[in-house]
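What follows is a group of structures, each given as structure tokens.
You will see two complexes here that share subunit A, one where it goes with subunit B and one where it goes with subunit C.
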Partner chain A sequence: MRAYKPKDNVQAKAYYTDRFYVAPQVPKTSVDEDEVFAADLEAIKAKFEVKDAYIQVEQMVIYINAHDIYGVLELMRDELAYTQLSEMSAIDWLAKDDTFEIFYQMLSMTKRKRIRVKYFIKNGEAVDSVEKLFRSADWSEREMFDMFGIEANNHPFMKRILMPYDWEGYPLLKTYPLEGDEFAAWYEVDKIYGKEARDIIGPELRDTARVDRYDSERFARLGHEVPKGTKITGDEPAVTQSYQEEGGVFLIKKLDKESSVVIDDPQR
Partner chain B sequence: MAQVKNRLTPFFENITFDRDDNELILNFGPQHPSAHGQLRLMLHLQQEQIVKAHPDIGYLHRGMEKMAENMIYNEFMPTTDRMDYIASSSNNYGFALAVEKLIGLEVPRRAKVIRMLLLEINRLMSHLFWLATTALDIGAMTVFLFAFREREYLMDIIEGYCGARLTHAAIRIGGVPLDLQDGFLHQLRVFLNKLPQNIKDYEDLLDSNRIWLMRMEEVGVISTEMALSWGCTGPMLRASGVAWDIRKEEPYELYDEVEFDVPFSDKGDNFARYRIYMEEMRQSAKILYQCIEMYEKCEKDGQTDLMAHAPKYISAPKIDIMTQNYSLMQHFVLVTQGMRPPVGEVYVPTESPKGELGFYINSQGGPYPYRLKLRAPSFWHTGILTDLLPGHYIPDVVSIIGTTNIVFGEVDR
Partner chain C sequence: MAQHKVNYTQDGGLPIALTSVDKIVNWGRSNSLWALTYGLACCGIEMMASGASRFDFDRYGTIFRASPRQADVMIVAGTLTKKHAEFIKRLYDQMTEPRWVISMGSCANTGGMFNTYATVQGCDRIIPVDLYLPGCAPRPETLQYGVMLLQKKIRANKAGNAQKAKRLM
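Take a look at the complex of A and B:
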């Protein structure tokens, strides 16, 4: 029987995990321990709902409501001096609870602090674009759309950025297959000629690097050249090669240490 | 304005022009020699002036973030080489540091010094390459040849260390794989002693060159607000009036122990960026001299460790693996299954030659990262062309692309 593979996450899996292994946690500390972060958090809490906040690896992480994102980032930029949006993207949790986690990595150059603002959206929901606040979000949101299919409302140009415009599927989803389709070689044949023509036509050649040794139309057959279009039988005589160096290639037959120079400085 | 036939506008018998605004759309790239890789620009032109620019990227997209989700951590290291392939050790380092922060590892001092040596050599290589290609785009062939000659020496030194010239994979999670080879420091010193004169040569050729100044001064001006809004980092940001260098402001490794300056300018034009690259080369040389001293002190103090000691995550030294049973077992598990960092997430920025190179890793305790986001500086330095190019003329496009110093391995990932 074929082994069961979950369809909602087709990514590589650890082939062995100890039943009793409990993964350790990266320590989280309270926001109160850092004065700057504590003040920032108070300022945000005064206007918006903050669901969770902690410090992990020297950076504060806050969870907010999805509809607050524009307001929170505007507050952070204008009042808390977080002037740069370094990065934003999504994490796919569709297999767990049908949600995406969106994160925004903020940087304050005057305070030398970084905050990660996060929220969850349901599958199929759109996020609010922050492109009006940070131009860098223009391309980040396009990349997120390209990779996850999450659209941004009020974005000026919501199109794919890395993949071709006509691409189907969203590559960074956990459901996106890692391998190609093994039946793809027949699709064109079936569509144009019908399935019954499979035996006559054969599968489509999809390997662009394939070289047919009997093909004298498109390949030069180095060392066994024949006139174009000749039927290849396999016992063509080899063509003798000759080199440009008439007197032979210069070779050192015997190394004479006395008359040679050892270079130990490449910058001589 | 309706088109009026005269002797200067061509007359086509069978073609009628629906648009009468003279706007021409020019496709620049993706195979243009000064597109620095695979950049396609769609430029809307009024005569020679650009009214709208639309950069199109993705021609070198290899899905590195997807690859990372399906590789054990050590396996991903050589892939990072292919991001900014002009200075590949800086990518290796960014990834290694992110995983080390996630695990909470402390790297031995000698490894730190070697890493800094490699990082600064990479910075020099990258800046020399930038100077060479930009000068060539502008038409200064001599500078190209000079700068490539110097870069060649550095590549030889790196080749001696790790065997590769371009894709180094010279840094491991937890330290470095090898000690410096014999002659490394000597060769580096010889190079560094020559470098000030070399830089002076480039400057003599360029600083007062009329063509260079015309193509550089007051061209491609990025205001501070625009640079911040577009997420510019590195020399792009420092040329626009923000003295922000992660090595200085959020020091990693031993950058808080070395002395160096952060050059910046408030001009924001191409020439300011050029000056900053030149000055940064001098600062890198200064750091390298100090690193050489630090390395010699490590040698004197007998600090020989190159990899962190953390049996759960890092393989033991080779001698232990070959002599001790338990180390061999650990090594076998780490190679076949991979290390399993704790559950959590981390975003670690480093100052790569191009700007802020960040690695966001979300680990769920498995041997593969659940999500890995690569924050490559060039991505936004390409995006800014949308707002930067309009108003400029066609020849400026080449010099602006040159000074943004974008590398497409990094933009497309």
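Take a look at the complex of A and C:
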């Protein structure tokens, strides 16, 4: 039998606990075990400095210097037949040592091999764009800028790609709250109605476990509709009327001022 | 083929049916609810299915229009992102009155499962909503029922009354 865990406030509690969690690493092996990768590594090492290289899950991972990235990818594309840049992005290590880890996932269709090229940059530094080598880097680098704030030098259109242009903050940073910061919470209200509408519209309701007892009064029960503002008791008569004139058109044949009232509430 | 036939023994011999302005205006409005094509996410698939032959919205006079100028009802079918929020307001403003809004599915109602920084937590933060359809996604039957409820709501109201804005900015 499973041990009993108290389930108090389970839904209100965030389902992620540690946003700085680092997954355990898969075992690494030496590059010498694969002759294709060993030959590729030798070709790269002949021209550029390689800080570290290993094989992990049948893929070679190499660490290089940040300023070498354009040359390394050009060499891999033109001479080593790694003709596709499948994916590139960044990993946030700001909490550990104030760096970003940038990775480029390369694929060779002829060799049927994948190499991941990686390097570190300090927070605030820019990377060199590889958009001239791989067109796929165009949007990937824009996404990296959008999500992490890392700019790419020599990129033709260094703008946000997913978030609006006037967005503040970089959502994939580990310090960015999942439900958004102050700017994100009021973004659409501020933009459409202005800051003065915040009081009228009110804050976002983010608590998924929230139950509002007044919901039964704010929403009419189907088939038992009542005018707005009516106190709901639960025993409202069923509304069978389909057209509002049913039962005869209301006509005033003779107005008696004594028995009539003036209604001046426009929200009646 | 239909033939023009006048019964000269009834209604003073004239082809006349008497009704009230409210009734005939509401009859026209409720039976030609043209909807704005506004599929934002997966609910849009269900909305398309409702318009196609199996469920056939044309039976209710609900025809999807590609322009807000020609639409009476906006069916917000899907996740409303914060980037898109200004455009839903603009489209709503471009619709001619009288206009109605159906919020279709959990995402449009409350933000749904997207409890994130990029999603508007309910489209009623931006525009007034007449009808909320629950479901993720609601089946086409739900949308059909919703449109029929909206027809009922239109018929039960006075046609001459200007629509009261729930939130006037």
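In the analysis below, the second predicted complex is superposed on the first by the 156 of 268 C-alpha atoms of A that agree within 3 Å, B and C clash if a C-alpha of one lies under 4 Å from a C-alpha of the other, contacts with A are read in each partner's own complex, and residues count from 1 in each chain.
The criterion applied here is as follows: a residue touches a chain if its C-beta (ideal position, glycine included) is under 8 Å from a C-beta of that chain, and two chains touch if they have at least 3 such contacts.
None of these values were measured; they are calculated from a predicted model.
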| item | value |
| --- | --- |
| Touching partner for A:Val211 - first (subunit B), second (subunit C), both, neither | neither |
| Partner chain(s) touched by A:Phe134 [first = subunit B, second = subunit C, both, neither] | first |
| Touching partner for A:Ala46 - first (subunit B), second (subunit C), both, neither | neither |
| Partner chain(s) touched by A:Leu222 [first = subunit B, second = subunit C, both, neither] | second |
| Winner by number of subunit A residues touched, once subunit B and subunit C are compared | B |
| Which of subunit B and subunit C A:Val189 touches, first, second, both or neither | second |
| Contacts of A:Val261 with subunit B and subunit C, given as first, second, both or neither | neither |
| First (subunit B), second (subunit C), both or neither touched by A:Pro164 | both |
| Which superposed partner A:Ile201 touches (first subunit B, second subunit C, both, neither) | second |
| First (subunit B), second (subunit C), both or neither touched by A:Leu178 | both |
| Subunit B and subunit C footprints on subunit A, overlapping residues | 162-164, 171, 176, 178, 266-267 |
| In the complex, subunit A residues that touch subunit C | 162-164, 171, 176-181, 184, 187-189, 191-193, 197, 200-201, 204-206, 208, 219, 222, 225, 239, 241-245, 249, 266-267 |
| In the complex, subunit A residues that touch subunit B | 11-12, 14-17, 21, 23-26, 28, 56-57, 59, 61, 83-87, 89, 91-92, 103, 105, 109, 112, 114, 116, 134-136, 138-139, 147, 160-164, 171-172, 176, 178, 264-267 |
| Touching residues (chain side subunit C, partner subunit A) in the complex | 20, 22-23, 26-27, 82-83, 85-86, 89, 110-111, 115-118, 120-122, 125-126, 132, 149, 152, 155-158, 164, 167, 169 |
| Subunit B residues touching subunit A - in the complex, by the definition given at the top | 57-58, 61, 63, 65-66, 69-71, 101-102, 104, 153, 156, 183, 187, 190-191, 194, 226, 228-231, 233, 242, 244, 249-250, 337-338, 340-349, 356, 358, 360, 362-368, 370-371, 373, 375, 379-380, 383-384, 386-387, 412-413 |
